[in-house]
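One structure follows; several queries about it will come next.
Every chain is named by a letter (A, B, C and D) in the order it is written, and numbering of its residues begins at 1.
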C-alpha cells in the first residue's frame, strides 16, 4: 500500500497536532500510523504520519505545496516522502562479509525497501557475492600513506549514483571530515561495541580485557568525532568467562547484523529524527 | 504534574484524530503524551492522550461534558481520568510473598501511584509484613469443600473498599465465574508461565518436563476461562538443563514480580485498552 | 586446533569423573573443555570433554579401543568424534529463503564447521542461490495427493549423500514416521513459535489471535509427534499491538535463523545429549 | 542438602582434574556440581566442586588437611567452604531503598543463604524497614568536610560484626582506599550503569545525554579505582526517546536490584573466582 510520510520537528507549542490533523482530515487523508513526541528538556516537538496516498485527492507535489504554509507557521523542519520512491543506498564494506551478506539477502528477499545502487569496498574479496545479486561492485583500495585519492573516488561514486544513504557495513576505514559533514545524518555506521564503551579499534579485545558480561553493537550516524554520532539502535548479547575473544567476535557478528539491519530499516522508513546528538525513532 | 487522561476506542474512520485534536487545541489543552492505533483486521481505532490539567480553563467534569458529543458522534467507548484521583486497589495473595512484597515496596516508595485499600489472603502468613505498611489485612480462609462462603466474603470486602482494581498477586485460588464477570477487565492476575503454554497448576513442573529453554510469566485480565484472558504483559528468562525445578521457581519469581508490576502500572496509568481478547498497551 | 570430543551419558554413580579424568591424564590428554551434569530426577549422568589430539600418543581409533572397557564398566552411551572429520549435512527448504541463506553464509564464511552435501527442496526457487555456493540442489516436488514417492526420493538422496544430519530449514512438509524413526536425533527442525505454544500451522497467526507480547522460535529434533521432539534451543522477541501479522513474520524470521544456527552449531560440536524427551546442551 | 565447596585456581597444566577427581573418588565423595575453566590467554585454571558432606567419611577439617598436599603440589589458591556455615554480610545503604528492600526480602524468604549482621547507613530513613526484619541498624552520618571519622566507625562496625562480605546497596559514598585494600574481593557494589560506560556520578543523566538505547547496571568488586573493579554481573533494559531521565531511573532500579541480587548470590555460593581484574563465574 502506497503511503506518504510526513515527518516534522519543530519548537513545541500548543496546537501543532490539531493543525496537522485538521489539515489531513480536511483533505480526507487516511492516517495509517501516527507518532508524536515532545522533548520537554529541549522544548522540541517531533511527529510522523503515514497517510494512504489513494485517500488524498492530489499527489505528493500538491500535498507539499499545501502543507508548506503550516510548516512555515510553526518553523518546522519537515519532509514528505513517498513509499514508491525507493531510496538509493550505497553500501560500503571491507573484508568481513556478515553485515553485507545480511543486508543483500534482506534486499533480495524484498524485506528492505530500497534500491542498492552499488557496493564500494577497499578489498576485492566480496565481488562475486555482490555481483550475483546484480549489483555493481567497485574496488577502491585505500593507500595507508595517502588515503585522500581513495576517498575522492568514493565521493565521486557516491555522487555518481546519487546516493541518499551510505551504509558502512563494517567498512574499516574512517571517512574524512568533509564527507561526514556533506552527508550529515546520511551515513550509517555499525560499531561493534555497546557505545560509548570501547570506542575505536578492536572493541571485542577491549571488552575481553575489561571482563564485561554483555557485549553489543551500535548503529549510529557518522559524524566527525569517531563513534560519537547520534545513536539509532543498539543491542547486546550475554558472554561469560568461557568465551574467548573469537567467540565474542562470532556472537558479536550476529548482534551487528541485526542492529544494522534494524537501524537501516528505521532510516529507510523515515522513522529516525535527529535533534542535537540524539535520535527520536518512531 | 496533574494530567487528565482521555482514553478512547471506537470504529475506525477518517477524521477522529482531527476532531479530538481540534477539540483539545480549541481549549488550549497541552498534550504531554499522545498515542494512536488502528487495528486494520477488526477496523477499530484506539487513542490515548495525557493533557496538562492546568492548561485547560475548566475542570474534569466540564471536560467530560464538552467531550460527550464528540464521543457520541463517533460511537466511542471512552473515559477521562484524573491523575489526582488515585485508583483504589485490593491485593490478594496466598502464602508466597514475592509479588506482594514487591508491589508493597513499589507503593511505599511512591513508584506505584494508587491507593492500596487492603490485602485479602486465604492464609495468615503475610499479615505482619502488610500491617507494617499500615494496610488492613483480611484473612479469609477457603474451605476446599465449600468455597462459596469465602468468595462471598471476598466479594463483600472488595465492595466495602470500593475497589477499582483487584490484583491476584499469586493468589492460588480460582475466582468464581460471577466475580470474573462482575469485575471484567478489573481483575489482574500473574500466571507463572509464558501463556498459552502451561495453563493451570504447576507450570514450572510442566516446563521442566517439556524441556523448554526459556520460562516466563504472564500478566492478564481474569476471565471465566482459566488463564485465557487478555494478556497485558509477558516476559521470559533463560534456563538450562542444569536448572532444577527449584531453580526455575526461583528465577520465575523475579520474572513474575517484574511482569506483574509492569502490567499493574500500565493499568493504573490507563494505558491498557481491551478489545475482544486482546489488549492495546500504549 | 584439532580436538577429540568424548561424549558420555550413563547411570549416575560415584567415581565416573575420576575414572575418566584418570584415563585421560594417564595418557597425558590435554583437556580444553569439560562439562558435567547430573540429572537427579532421573539419576543420569552426562559428560563431555574436548581433548587436544596432539597431546595424546595415539590416534582416535586407539583412543576408542582403550576407552571401551571403561564405557562398558559404567554402561555408558558414548562416542568419540574428531573435529577434523566434518559432519555431512543435508539441508531441506521450501520457498522461504532466510534460514537457508543464513546457514549457507555461515558455512561459506567458515563459521559452521561441517560439509553441506546438498540442498533438497520441494520447490525450485532457491536453486541459483544454492548453486552459487557450489552445492548440489535437488528439486523434489511433493504431490499433495501422494507424498510417498517424494519422500522415497528424499530418503534415497539422504542415503546417497551419507548424511549424518538433516536440517529442515523451513521445509514446510511433515516427514513420514519411518524417516523420523530412522534418523532419530539426527533431523533438526526450526519451528516458528515458542513451543509448546502454537504447534502446527500458521503459528504467527495463532500468536496474533492470542495477543501474546513475545513471539519465538524453537529448534528441536524431529520425532513422530508433530513439533513435540526434544528442544535444543529457543528464543523470543518482543511484539506489540502495533505489529501486524506481517511484522511478526518479519521479526520471527530473525529469531528463526538465529535459533536454528545456534541449535545446529551445538549439534555439530557434539554439545547436545538427548535423554528421554529432553536435551542437555553443554 | 549440606555440601562442601572446593574452589581452586592455579597455573594450568595436565592432570589437575584427574588428581582432584581421584582424591574425591578415593574418599567416595559424591560430586553434585562440577565446573572447570582454562583461561588460555593467561594460562590459568579454575575449578569448583560441590560435594555432598554426608558422602565423605570425615568432616571439613580433615578434608582440608588431606587436600592440602595436592594444593601445594599444584600451587593452588584454594578454599573449602561449608554450606552450613552461613556467610556474615553487612549491608550498606543511603536513602534509596530498592536494593536494600529487595535483598532483605530475599533473605527473609530464605532465598539468600547468609546471615545479615547489620545495616549501616549514612541516613536514618530506612531504619524502620530494617528493624522490622530484626536486623540491627547503624546510622553513621558522613561529614562532607571530614569523612574519615565516619569511615573509621564503619570499619569498626564491620570488624565488630566479623563481616565476610560488605554489600554497597546504593551506598552513595566512596569507600577510602585502605578499606578497599583490606577487604579486597569482599566488598560488592552495584553501579547504576553498564560499565565501563558512565563511570561516576549521575550515570542515568549521562546515558540520557548520550542518547543510548539501552541502560544497565553492573555488580562489581570494589577496588581503589572508582567503578573499575572486577565485574561479577551486568544486565540492561531497553529505553527509548520517550523515556525521561526519571523513567530511566525507574527502569534502572529494577535492573540494579536484579543484578545485585544475582551477583551477591554468586558470591555467597562461592561461584566467583577473581583473577587479575576479571572474574570467572561458575
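Everything below uses one rule, namely that a residue touches a chain if its C-beta (ideal position, glycine included) is under 8 Å from a C-beta of that chain, and two chains touch if they have at least 3 such contacts.
Treat the numbers as computed from the prediction; the structure is a model and nothing was measured.
Counted as hops between touching chains, the shortest connection from subunit A to subunit C is 1.
Taking each chain's centre as the mean of its C-alpha atoms, the one that lies farthest from the centre of subunit D is A.
A repeat of the A-C interface exists among C-D, A-D or B-D; more than half of the contact pairs are identical by residue number at B-D. Contact tally for B-C versus A-B: the pair with more C-beta pairs in contact is B-C. With centres defined as mean CA coordinates, subunit B is found 37 Å away from subunit A.
Taking the mean of the C-alpha atoms as each chain's centre, subunit B and subunit C sit 41 Å apart. Under the contact definition stated at the top, the residues of subunit A that touch 2 or more other chains are 33, 40, 242.
Shown here, the protein chains touch in all possible pairs. Residues of subunit B touching subunit A in their complex: 14-15, 17-19, 21-22, 24-26, 28-34, 36, 38, 40, 55. Listed in rising order, the residues of subunit D touching subunit B in the complex are 33, 97-98, 101-102, 105, 109, 111, 128, 132, 242, 250, 253-254, 258.
Of all residues in subunit D, only 37, 39-41, 46, 194-198, 210-214, 216, 230-236, 240-242, 244, 277-281 touch subunit A in the complex they form.
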